[in-house]
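Note that the chains take the letters A, B, C, D, E and F in the order they are written out, and that residue 1 is the start of every chain.
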Amino acid sequence: MRRAEPIERTGTTFDPVFDADLVRRALAEDIGRGDITTEATIPAEAVANGRIVAREAGVIAGLPAAALAFRLLDPVVRFEALIADGAYVEAGATLARIEGGARALLTSERTALNFLGRLSGIATLAARCAAAVAGTRAVVVDTRKTTPGLRALEKYAVRVGGAANHRAGLDDGILIKDNHIAAAGGVREAILRARAHAPHLLKIEVECETLAEVRVALEARAEAELLDNMDIETMRNAVSYIREHAPSVLVEASGSIGTNTEKLVAVAATGVDFISLGALTHSAPNIDISLEFA
Amino acid sequence: MRRAEPIERTGTTFDPVFDADLVRRALAEDIGRGDITTEATIPAEAVANGRIVAREAGVIAGLPAAALAFRLLDPVVRFEALIADGAYVEAGATLARIEGGARALLTSERTALNFLGRLSGIATLAARCAAAVAGTRAVVVDTRKTTPGLRALEKYAVRVGGAANHRAGLDDGILIKDNHIAAAGGVREAILRARAHAPHLLKIEVECETLAEVRVALEARAEAELLDNMDIETMRNAVSYIREHAPSVLVEASGSIGTNTEKLVAVAATGVDFISLGALTHSAPNIDISLEFA
Amino acid sequence: MRRAEPIERTGTTFDPVFDADLVRRALAEDIGRGDITTEATIPAEAVANGRIVAREAGVIAGLPAAALAFRLLDPVVRFEALIADGAYVEAGATLARIEGGARALLTSERTALNFLGRLSGIATLAARCAAAVAGTRAVVVDTRKTTPGLRALEKYAVRVGGAANHRAGLDDGILIKDNHIAAAGGVREAILRARAHAPHLLKIEVECETLAEVRVALEARAEAELLDNMDIETMRNAVSYIREHAPSVLVEASGSIGTNTEKLVAVAATGVDFISLGALTHSAPNIDISLEFA
Amino acid sequence: MRRAEPIERTGTTFDPVFDADLVRRALAEDIGRGDITTEATIPAEAVANGRIVAREAGVIAGLPAAALAFRLLDPVVRFEALIADGAYVEAGATLARIEGGARALLTSERTALNFLGRLSGIATLAARCAAAVAGTRAVVVDTRKTTPGLRALEKYAVRVGGAANHRAGLDDGILIKDNHIAAAGGVREAILRARAHAPHLLKIEVECETLAEVRVALEARAEAELLDNMDIETMRNAVSYIREHAPSVLVEASGSIGTNTEKLVAVAATGVDFISLGALTHSAPNIDISLEFA
Amino acid sequence: MRRAEPIERTGTTFDPVFDADLVRRALAEDIGRGDITTEATIPAEAVANGRIVAREAGVIAGLPAAALAFRLLDPVVRFEALIADGAYVEAGATLARIEGGARALLTSERTALNFLGRLSGIATLAARCAAAVAGTRAVVVDTRKTTPGLRALEKYAVRVGGAANHRAGLDDGILIKDNHIAAAGGVREAILRARAHAPHLLKIEVECETLAEVRVALEARAEAELLDNMDIETMRNAVSYIREHAPSVLVEASGSIGTNTEKLVAVAATGVDFISLGALTHSAPNIDISLEFA
Amino acid sequence: MRRAEPIERTGTTFDPVFDADLVRRALAEDIGRGDITTEATIPAEAVANGRIVAREAGVIAGLPAAALAFRLLDPVVRFEALIADGAYVEAGATLARIEGGARALLTSERTALNFLGRLSGIATLAARCAAAVAGTRAVVVDTRKTTPGLRALEKYAVRVGGAANHRAGLDDGILIKDNHIAAAGGVREAILRARAHAPHLLKIEVECETLAEVRVALEARAEAELLDNMDIETMRNAVSYIREHAPSVLVEASGSIGTNTEKLVAVAATGVDFISLGALTHSAPNIDISLEFA
């Protein structure tokens, strides 16, 4: 978990997750040529105090992004986080206290809350799904179905919620799908080519839709198998087969599984190592979070 | 509605909605240092055909963004849209046919679909909410609760779905809230300051939580009033009062209204001009759209 | 008016007017690969004191931009403004004292002064034009005829000088011109389309060249009318007509009015609300300002 | 002189003068989130024809920038220049014909004209000043007193008008001023340091305010001398002294000379090689140029 | 191997290796404010033909970067590659024929050749080292000791030369070094943490300096071991031990091995899977390549 | 020589040599989406101490770039340089002590060392070549054969090593080559055009391959002559001729001279002013520098 302290620093440092340029672009798209209402009505020297409050229960994620948004408008803002990202809070909980220029706080409020609401929504959904399979071998993981431009933040929210990350992009893992296999002329051929081409620290995963494909991929020395859109029965058979013949091979269930708890429990019961869920990032509803001024 | 034709052009032109830099950043975050699987298994000269297919019914939005994603990897890709953004389609409908370099299509597929799925989700929700109040005076509008970095696209999806846009940012409309009023020393004072400061083509809207505030804002010559978190009865009284005393003043209902149809109908029945819904952009579930290769 | 204090902050904060990237680009175009003369002749550790002095009388604008230029080369420079932007000074007045690395001051001097000279030129001309119509209803406003890349700063200088801003760009106001009317099929049709398309907090202004057009636009419920290139007599009649039939409609005089005082007085006497002057930003002569070292 | 033909190309190529990023930023600051009026009233498929017309006589500069502005909105626009940059035209002359998407033309019109008006203003003033000293040895040159962000374009306009460029920035020429001399411990010392530090293809110029300084600089082997704020008599003596003792040394007159023809003639008559004029770029009034649709 | 054909496309497409922005920055740093010599002496309309010629024997890499450099100055340049990247050529060989604007060719020549010379130097050294261990199990791989800003290109040159790539950065592979082990509290603990934190498609490699460490890492289930700075005898023992106890574990030799052929042969003879060589990218001498005009 | 002190500042200031954006891009290409190993194994709050140590003797260059790399990850890092750039050190020397966040140090280590190793390699080679000709009139200078993207740093390393810089790019010096001469219609014509076109503070150098060309260039008033690929005897004759007829003309030897000491001595003995060596920047082997933690 990130410490509270680095919040103060994120703006000026190189940070692949809490990227100041990303927050700056978000501020720019909201502020445009200036916050006319605030500039007209709030004296430049006014100072304000506020509390960031969760209006719904959930797992919080994104406080460093919110802090960064405020700090980019007021470099000496005081942002005091009362909880850390990853904490579960009840409705009404105060997440942070903030004190700074009144104009800066009012102008950056919406951007800060837009980050917080979305990321907390993802963390909350991730936490619920992870809890559903707690006690099993299965780990809930995300996918590449993220919001364009926000992948690092959304994958961070998934981790903060207690689920795990699948590959971050097309370059840090090999996932061979049917089109790759067809073009390469077979599973074995595709795996050989991947091994010859890619850096040797990347494992090779192959997507399989049938038991037959599971077997072929295993023979071709796949290091992980993605069971795509299989029914529970087939999935269970696939897992058994893989465990028996190649115990070190990782098994992932995927394909429109959704976030329904019963479905997750059933999938986990097949013995897979990973359950990947696009919905974690593409359909998590927002958590309602607001800024209340003293 | 945008024509199909400009799809071919968006990449090289200046377009505040379909911004090539935004799509390029989305590609970059997915591709990173290269699509290792595709480069290893697909010959560089291979060509592929595919169809973009909706797996769920909905209103489609984002085809130009998808086309742009493909075209940034293959400048001579053929992208033939069969429908235009804004069309309602049933599950299984083909949205576009595409032909181009096999590597390019596979590598940009996820980015293209991530845009399409999110924007179509928003357009679909916007269409449903707009339909709920059809026949009334009320227009459903969005808010500034958009995904950081995607505001222009999300507001476009709202329009495409048949709802309308509230102000695009803090600079193209004046919305005076309680904090502005308190700092300025009263509603009248806040409105005067806003009028003195802002370009004269911007109208002044004031947020009101009670009938008393509604009256004060009217006296101060507000040009629009936002009724915030009022119950239906109060809202109806507020509308009556405003229509009687200042028929040209615009009235907006806001505050946790949600996308429930009955609630929307009830709010619209009060006679307001606008119903603003944050959920349109912050909590619309994704529409499942896929790319199927021939 | 901006406080002196934020000068110290502008570099690291998000500011749509005093944008650090803009000042950085200005420094880069002057410095290129390095200030060879200064690096060769001034020791790296030398410290210098200087005064920014107006060599001509005028209204000063741009001190925060100058401070930013110096601070981007020497982050611990001391920049003490003796006046604030908007002050009228006589020739010879000291505007600010500055102390910092001698190399930094010499290298950024020209960039700082280029901002100050241009913006003070605009503020001075704006002040003169505003004074010409003081006591009348008319407000002098600027146009979109600004220097490419400097619009926010130049519109700031106009405000600082005591005149006001027209719309900031094509997106924060609706101004329907003859080509728009022709393409839409008439004034009424154009206004209806604009109202249907644009966010509802934007007013609709229509350009009129004759009294007939003034009447038609009024009937179509324009919220502001721009009287383009009318002679004084016609303008007076247009104003009378509008005041009589729609007292809340704003009236703007425009079109090659120029900055001649007598002309401004005559136009103001017609009773218009606004007089827009492209010359404020496109033809204001520089104010001569220099940096004098102790 | 630039050919008409490259106008078609400038957008996609690397060009240090007609930089597409600069024009794109200019478009962005005007268009913001979109040209609401045009999008609402002009059909997307409408095509328009127009002529760029000079409303005042002058020397034209900036047609490639205007073409680039139009082309960035409509990549297949037809822009046919009837004259080339550098041509003198009378009021009413058509500079170019243009045909393209009606929306694109209307939306980019102001940006294109803002470039043309400013650059033609500079070229016209440069041409007048150059004509004033025609037949003498003196060449009129510009200074670094240019508009922040537009230096390359403004120096191009100076050339196009028939005057010449002084150094482009702090890195392509050595100009030693009094502060440099003081810090280095004398003229000779400053020149030695400059020669030791800078690339050997850069000449060394020294600023002199008195005849005594002229002599010292000559002894120290300056390759060019800038006579700063000297009266005509002193300047003439300085030139004589330099011609006699070091005929290859270049002599420049500078310092508040202004653009008055008689003053220019008098300065040129002293025999200097160069007369540098800040006013060429910082105070040239705009040339009024418009776009007229057919 | 990349096809010759994509050379024509790289400029306008998204390409993580041949990144147009990188080439544009390289052009910008060479051209600055313009190629004064060429603009002064070469007519704008002149066309030229040239041949890119290797003055030394070697393996060529970087033709697409060279083509891109030329094309960014002349979008219709004809660049005809006679060989593809990866070809070995003798001194005097013609690599490509080129025809385009004479100014464009002269101005981009140095940038194009700087890419070609460096990348061909790396490819040539990689080819020599790969040849040295041909016939053994060992694969020569690069490191992260690349030129800042050029990693993707330099790793491409390594592949083109016939060697392979180690991880591309800190994010696509796990390499646990002594500092990581110390901070985590032991090898086993470090590996467990890495497995819990990182995406599951990344393998875990551990750096070992002694046989004892080799054994501990193996027990902790490392998936690859880096033998750092071991003598040949120790290395051979380490390999034997690993092959016996965990045949699927990858073994890499590293640490100041250098590019001496005899040393490479000796290291390969120990049976390692990989030999990593920083010198491939940080110390490869340039290959002399020139552009000769017809 | 740069002071140690500015190291602390370079990150936030505008610096054409130690450009923070360049270092940020270098960090980004190494770190990608995050340093997985370090994040997994090193506690966020851990602090570390280390020493930067030269493993080989050499002239050090690049400490400010290294400091900047560390500081961009940890803004409060303590970086204490024990020597300044330009110092010659023996193998084993400590260059700097560093204390900061353990994660930050480990993550930025490679980027910092990649800058240091390359720049010190160049400085060391430059120092050796400069020493070879010490006591003669000849100054060793670099060329434009630099690594794309690193020119300012590499030319800085050349200076730090004790050699000098030729022109920085195509815009700060005029070097007329055979193609320019052919296109212009002769040496005299080319020089006249260059003088008419370029800012007057740039000297004109002409490339000559024969004594005949040397004479022609002299007659045409070239201010510097580059003797290209001449044998020692011809070079000596060229120098004699030039000294006799135009003592102020600068003479440069160039063309595959290489860094062999005897060759350098022989070339210097001909009496040339400058010896330009591409190898200084394109083929200098790295200096091995490491970071050792306490």
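In this text, a contact is a pair of C-beta atoms (placed from the backbone, for glycine too) under 8 Å apart; a residue touches a chain by one contact, two chains touch by 3 or more.
Keep in mind that this is a model prediction, so the values were computed, not measured.
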Give the fewest steps needed to get from chain D to chain F, where each step moves from one chain to a chain it touches.
1
Going by residue numbers, if over half of the contact pairs line up, that's a repeat, so tell me which of D-E, D-F or C-E repeats B-C.
D-F
What angle, rounded to the nearest 5°, describes the rotation that places the Cα atoms of chain D on chain E?
120
Chain A and chain F, separation of their C-alpha mean positions in angstrom
45
Roughly how far is chain A from chain E, going centre to centre by Cα mean, in whole Å?
33
Round to the nearest whole Å and give the separation of the Cα centres of chain E and chain F.
23
Residues touching two or more other chains, restricted to chain D: which are they?
12, 16, 31-34, 152, 168-169, 171-172, 174-175, 199, 202
If every chain is a node and each touching pair gets an edge, what shape is that graph: line, ring, star, complete or other?
complete
Partner chain F, residues of chain A touching it in the complex
2-3, 6, 9, 12-14, 16-17, 152, 168-169, 172
Partner chain B, residues of chain D touching it in the complex:
12, 24, 27-28, 31-34, 44-45, 72-76
Which residues of chain E touch chain A in their complex?
16, 141, 164-168, 171-175, 199-203, 205, 224, 248, 250, 273-274
Touching residues (chain side chain F, partner chain B) in the complex
32-33
Can you list the chain D residues touching chain C in their complex?
22-23, 25-26, 29-43, 46, 48, 102, 106-107, 110-111, 113-115, 117-118, 121, 144-152, 168-172, 174-177, 179-181, 183-184, 190, 193-194, 196-199, 202, 256, 278-279, 282-283, 285-286, 288, 293
